[in-house]
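As written, the chains take the letters A, B, C and D, and residue 1 is the first residue of each chain.
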Amino acid sequence: VVVLATVLTGCGSSNTSGSSTKTTAFKAGMVTDTGGVDDKSFNQSSWEGLQKFGKDNNLKIGTDVKYLQSTQASDYSPNLNQLVHQNYNVVFGIGFLMQNDVQKIAEQNPNAKLGIIDAVAVDKNNKPLKNVASMTFKEEQGSFLVGVVAGLTTKTNKIGFVGGINSALIKKFENGFKAGVKTVNPKAQIYVQYAGAFNAPDKGQAIASTFYTQGADIIYAAAGDTGNGVFTEAKNRAKTGKKVWVIGVDKDQYAQGLPENVTLTSMVKRVDKAIYDVAAKTKAGKFPGGQVLQYGLEQNGVGIAPTTKNVSKKALDAVNSYKQKIVAGSIKVPQTDAEYKSFLSTLK
Amino acid sequence: MAYAIEMRHIRKAFPGIVANDDITLQVNEGEIHALFGENGAGKSTLMNILFGLYQPDEGEILVHGKKAKITDPNDANNLGIGMVHQHFMLIEKFTVAENIILGREPRIHGRLDMNKAVKIVRNLSEKYGLDVNPLEKVENITVGMQQRVEILKTLYRGSDILIFDEPTAVLTPIEIQELIEIMKRLVSEGKSIILITHKLKEIFEACDRVTVIRRGKVIDSLSLGETNPDELANMMVGRQVNTQINDEPYEPKEKILDVQNLTVLDSRKVKAVNDLSLTVHGGEILGVAGVDGNGQTELIEAISGMRKVKSGIIEIDGRDMTNHRTRKITEAGLGYIPEDRQKHGLVLDFTVGENLVLQTYYQKPYAKAGILNQKVISKKARQLIEEYDVRTPGERTLARSLSGGNQQKVIVAREVDRSPKLLVAAQPTRGLDIGAIEFIHGKLLEEKKKGKAILLVSFELDEILHLADRIAVIYEGHIIDIVNPKETSEHELGLLMAGHKKEESRE
Amino acid sequence: MSGLLKKVNWMTLVVPLVSVFLGLLCGALIMLAGGYNPLLAYGSIIQSIFLQPYYAGETIRAMIPLVLAGLAVAFAFRTGLFNIGVEGQLMAGWLASVACAIELDGLPRIILLPLSIIAGAVVGGLWGYLPGLLKARFKVHEVISTIMMNYISLYATAYIIKNFLYTEGERTPTIPASASLASNFLANITQGSRLHWGFIVAIIGVILMWLILWKTTMGYELRSVGFSPDASKYAGMNVGRNIILSMAISGAFAGLAGAMEGLGTYQYMTINSAFTGIGFNGIAVALLGMNTPVGVVLAAALFAGLQTGGLTMQSVAGVPVELIQIVIALIIFFIGSSYVIKWALLRFSGRGRN
Amino acid sequence: MSFYEVLTIIIPSTLLTAAPLIFTSLGGVFSEKSGVVNIGLEGLMWVGAFTGAVATLTLEHAGMGQASPWIAILIAGVAGGIFSLIHAVVSISFRADQTVSGVALNFLASGLTIYLVKMIYNGQGQTPYITNNIDKISIPVLHNIPIIGPIFFQQVTYTSYIAILASFAVWYLLFKTPFGLRLRAVGEHPAAADTLGISVIKMRYIGVILSGVFGGIGGAVYLVTITSNFNISTIAGQGFLALAAMIFGKWHPIGAMLGSLFFGFAQALSITSQQIPYLDRLPSVIMLIAPYVLTLIVLTGFVGRAEAPKADGVPYIKGQR
């Protein structure tokens, strides 16, 4: 299969490269960050989204629909450029780390169509760029819901949050989660720690170990690969007979909790949906350039995982009712530490 | 009766040089056989072949009359051949015992049996009167003792044929005597010995027969009864040798070097130079005689600014140079021929040209405003190479590829050409052949004629006796006596060097 | 003798070429083993970097830090020191130049730009100065100390950015245009590559190294101390000072490399969770370039080409980019084994000689 | 948290993070004692971790279950040994600069392993997760010992204890057996060893291969106890940390072990400290750079001179003068 693809791409590029403009099929491409399309996280679900789009429109995966992997930050720009120069109809940059490169290339190629995840692409004077679709997510809303689950499930009233890198993005996860917990379980105590990296499972494990030893029985890991360390620790504990939970992130991580079954639930972030959505719009000639598409609960852009085996009936009901409230806007989930403070005060 | 060792028609070539050319060597059972020749004549190479370190290109070896194939030191050991190398082969961090048993360790169920090792070593050293402390680390013992360890290594392996490659080069006169005793004892125990040396004296004291090698070829092989020192010397160099003698009248001029109550600590913080005073005048050669390790090195290092002075004063040409930087002292008029030419005298990976300006590269005309002037430098280099007859393809050749004697010539050229007021020469001819020695002695005497002050440090008594106007004998860090070469004897010097000062000592 | 010398010179040229060839050859074999098409792969690399202005531009851009890193390693090598710390010195210099540019925003370009560049060189130099000092004073082997310094730099720069120069996107703010080396002109003639004026700095660096080492008394001392500290000491040189000086200069080159990334390629510094790899590539570049300034440039061109072209290779021939790294590693091995290559070559050309 | 509670957190995680370092640094001891500098430890850990992952996955698939990771560790040791042969050939037989060869080894390892992962797992940049990793458990009986039980024998893996025992075994091998004496001799004064009929080349090959075996084991242990899948960021500097630990331990097996434990402790503390009152104030960067700074300090000799083997890093060329 690989060989075949090779040959195809081979000729594919030889006539697209240079400045030839003949484009037959619709072509959509994406550039991963250093995580790669199998990071069990948003790179992966982005690619899943793009592949689904490809299948539904019977486009050739690997040529008409393809991804380029970056091995270092300096690859983003050339990779994006490559797809743009090969006349892909839409090119996605996955992750806020690529914001700068996407902006630059968007400005250099005004008639290229690009998309960026988790960031808002703007020009010199902070106006949204006409030829970039920015896709952001209301992670705080999804995190609020899993927070509710955690708050209602904990036996020790001690809950942990492990963040990857302490950034505004992950803060949204943290504050939404804390808000959810506190709303349903005011006396719950929440430990928070950032590993300082998305790719340090060893740190994730050590932090989890600390939390569990301190008595926490549920940990929400919004930390990419670092979160895998949390799973490792949880499974370890489970094997030694302690009942501890992990709340997964980005995708439904139920399977990863097996066989010890330590995944309580997961906060899914439907990057795949967003990608599919924008790709489809573009194909239909309705490319949402210059727009900031926010995917929240009502768009089902975020939410709790479909697998709910381990979530109590009580918790599920609570989740649904709070979901209504949030969508209705009667609850405004905090994103920043400041907002979280004021949110707490409203609880009292 | 078969020879203990017979090497037939040995040939060994190295890139660019034939080290051994059809050499035949025959050593009788139970004799001390001298191997005599210039540096690079091929002695070590021949012995390394016998010991299996090198493979001969041609020729065969017979041990006790039997043909032998010696491809590595193991074979040599098994044939009972042991070698004490020119450069010691000892592991400093290991104990004496560990060094001796290494490679043939006594064991009990796979484990090292150190107790047994120590016992064995004790027995051996008693049997042959080679006094060592098996448990001492090699780094802490004297050179003489290290050599005994080397000998014990070969005895432990049951060698009955021992090769000594220039064993005396590193030894003090006393240790040399001891070594000769030991060798005689070994022979009386039925061992056969091959002794490599440059020193005629030792050959006539110790050996039964001698084989003379020159430039890779055997000149002659004869028993010492049939010959005399001069003949051997001539054989070695292949021409009449006329040793330089200091026949210049001795008329000292103004004081150039003045050392007063100098005290210097060595690296172990022990007083190596202890309240020492001496002066050197223009137009004189002051020879410093003494057994190695009596403070000579520290004295010179102090004078040249390489080592801190604890107390005392060093004046060069009337200017206080105590604890000044080397560069400053050099500029004040010090020329310095260091003891270890390869380590201290030359940058081996620099070209001959670059080495020739090692002291002056930063001065006009070789450099202006920090920019080197290559033209002037190579011109100067060519001139010196010519003048001092340094055998090298050109000034662009790396100093590394020069031979020992020629390397030394480069240093002498560099230091003498600056015509410094004071020239300190430490072991200037160590390990050199008679040809090179002649040349360097000649240069020193020339400088004396020019009225320069020369401080000559040497362990070779005859060198000092030949050249010096006055001989200062150094013992335990201070000058025990100053004698006149014309009126003293090796015997007297020997006593002084050993610390025995005569009552009515001359001034 | 002179004939032999000629042979040696001839060798110093041939060995790198042979090594590169062998490296690429092994790379091809590995691709075949993996079921890829080497011709297509290498073809795509050449095709992209020679026929597509964008990749030509990106290649030159990638060369800039590689050359400077290579010079850093080569300079240290020439003075008998092995500077594995280029990686850390580079990051230190990168942060310094960016910080300087941001903090002193407002200064006119003619002052701010040079100042920021120098800031990078100085801090990089300091990062090299320390191992130099440790070696001079305490005989600490520079290989070990510079490795340690790399990690200290990695974590320290990350910490400083996080706490003092932080902005969204895990990085420092973008530097003011007045400190930027980027150039629309260069970008435009290369289809918008990130090529920037830094290449001038690199060229200056090359000339500088050559001048310092072979034309000045300073260089004479540095080389002398590199070859034989003892002899240099006896010749009245200050060995410690020269070791420190050498490491500092080497570090300064590395710092410049960092400044080029900060002021040219990126216009900011991201929080690095891992090394940039430029420093380590610099070692390869220096070795392949036989530690000569010109050689470094050629070697840098090769590696930059391979790495930029590697991205096209990934998308066109589907070969994992890691292959490039494998090839580079192999080239280093072959260069390192020059002794055997020489030996083999002499064997082949041996018939001619008696 | 009570101080005791802190200990029950920090000590086990120290033991956990130290184990791979101990194995790898012991590898370093072998090669450097024989006179071959090994900057390539990092690369050897890459290979070990990679092999550990692939082997475990394969064995699991073959139904070996719980035994898989243990067997995988051994396989990784073999793989490391084989991989280190490159370093041996290039730096011993081909007389390349040992540091250069080591650097290249790291390059090659990281490139090759990821390349192979993509080969084996059709294009993926990382292996799947192993299901049978070596778990932290409570050592039977021992963990009941009052006070020290929970500190030293709970939440620990057997590998940590094996590592510590290994360091004593290595010490015995190096200092109590003829083999050790010869290995050290070759590292101190190869020419001398040679004249005594010891094959310098052979001993150095053994030294380097052993470093490969231990490095491989170190990498595998790291994988099966901590990360449980292999990707580009699995091994990020642990090899260099092990190198530092070896130097910190003054090229001595026991020292290397203690050094590794200490570095493990620093890392554990850097994480747990954030949950400890007052300590959480001090920036974690201090803990992160502590191992490296301390190594530098050790090297400066304030903590007693660290003596590398005399011929460490010097290629041996027979009959060179």
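Definition applied: contacts are C-beta pairs under 8 Å (C-beta built on N, C-alpha and C of every residue); 3 or more make two chains touch, one makes a residue touch a chain.
Just so we're clear, the structure is a prediction, and the values are computed from it rather than from any experiment.
By the document's definition of touch, common neighbours of chain A and chain C comprise D.
Each of B-D and C-D has its own count of C-beta contacts, and the greater count is at C-D.
With respect to chain D, maximal separation of chain centres occurs for B (centres as means of Cα atoms). Separation between the centroids of chain A and chain B, computed from CA atoms only, is 77 Å. Chain B and chain D have Cα centroids separated by 47 Å.
Chain geometry summary: the mean Cα position of chain C and that of chain D are 29 Å apart. Averaged Cα coordinates give chain A a centre that lies 35 Å from the centre of chain D.
Shared interface positions of chain A, defined as residues touching 2 or more other chains, are 2, 69, 71, 196, 199. Residue positions 158, 273, 322 of chain C each touch two or more of the other chains. Taken as a contact graph, the chains fit none of the simple arrangements: neither line, ring, star nor complete graph. Shown are all chain pairs that touch, namely A-C, A-D, B-C, B-D, C-D. By the touch criterion given at the top, residues 1, 5, 8-9, 12-13, 17, 122-126, 129, 131, 133, 135-138, 155, 226-229, 231-233, 236, 267-268, 271-272, 274-275, 284 of chain D touch chain A in their complex. Remark: chain C residues 35-37, 40, 44, 47-48, 51-52, 54-55, 58, 62, 158, 162, 168-170, 174, 187, 191-194, 265-268, 270-271, 273, 276-277, 308, 311-312, 314-318, 321-322 touch chain A in the complex. Put simply, chain B touches chain D in their complex at residues 48, 51, 53-54, 72-74, 77, 83, 85, 89-94, 98-99, 102-105, 107, 110-112, 153.
Residues of chain D touching chain C in their complex: 37, 39, 86, 90-91, 93-97, 99-101, 103-108, 110-112, 114-115, 118-119, 233, 236-237, 240, 243-244, 247, 283, 285, 288-289, 292-293, 295-296, 299-301, 308.
Across the interface of their complex, chain B is touched by residues 176-178, 180-182, 184-185, 188-189, 191-198, 307, 310, 318-319 of chain D.
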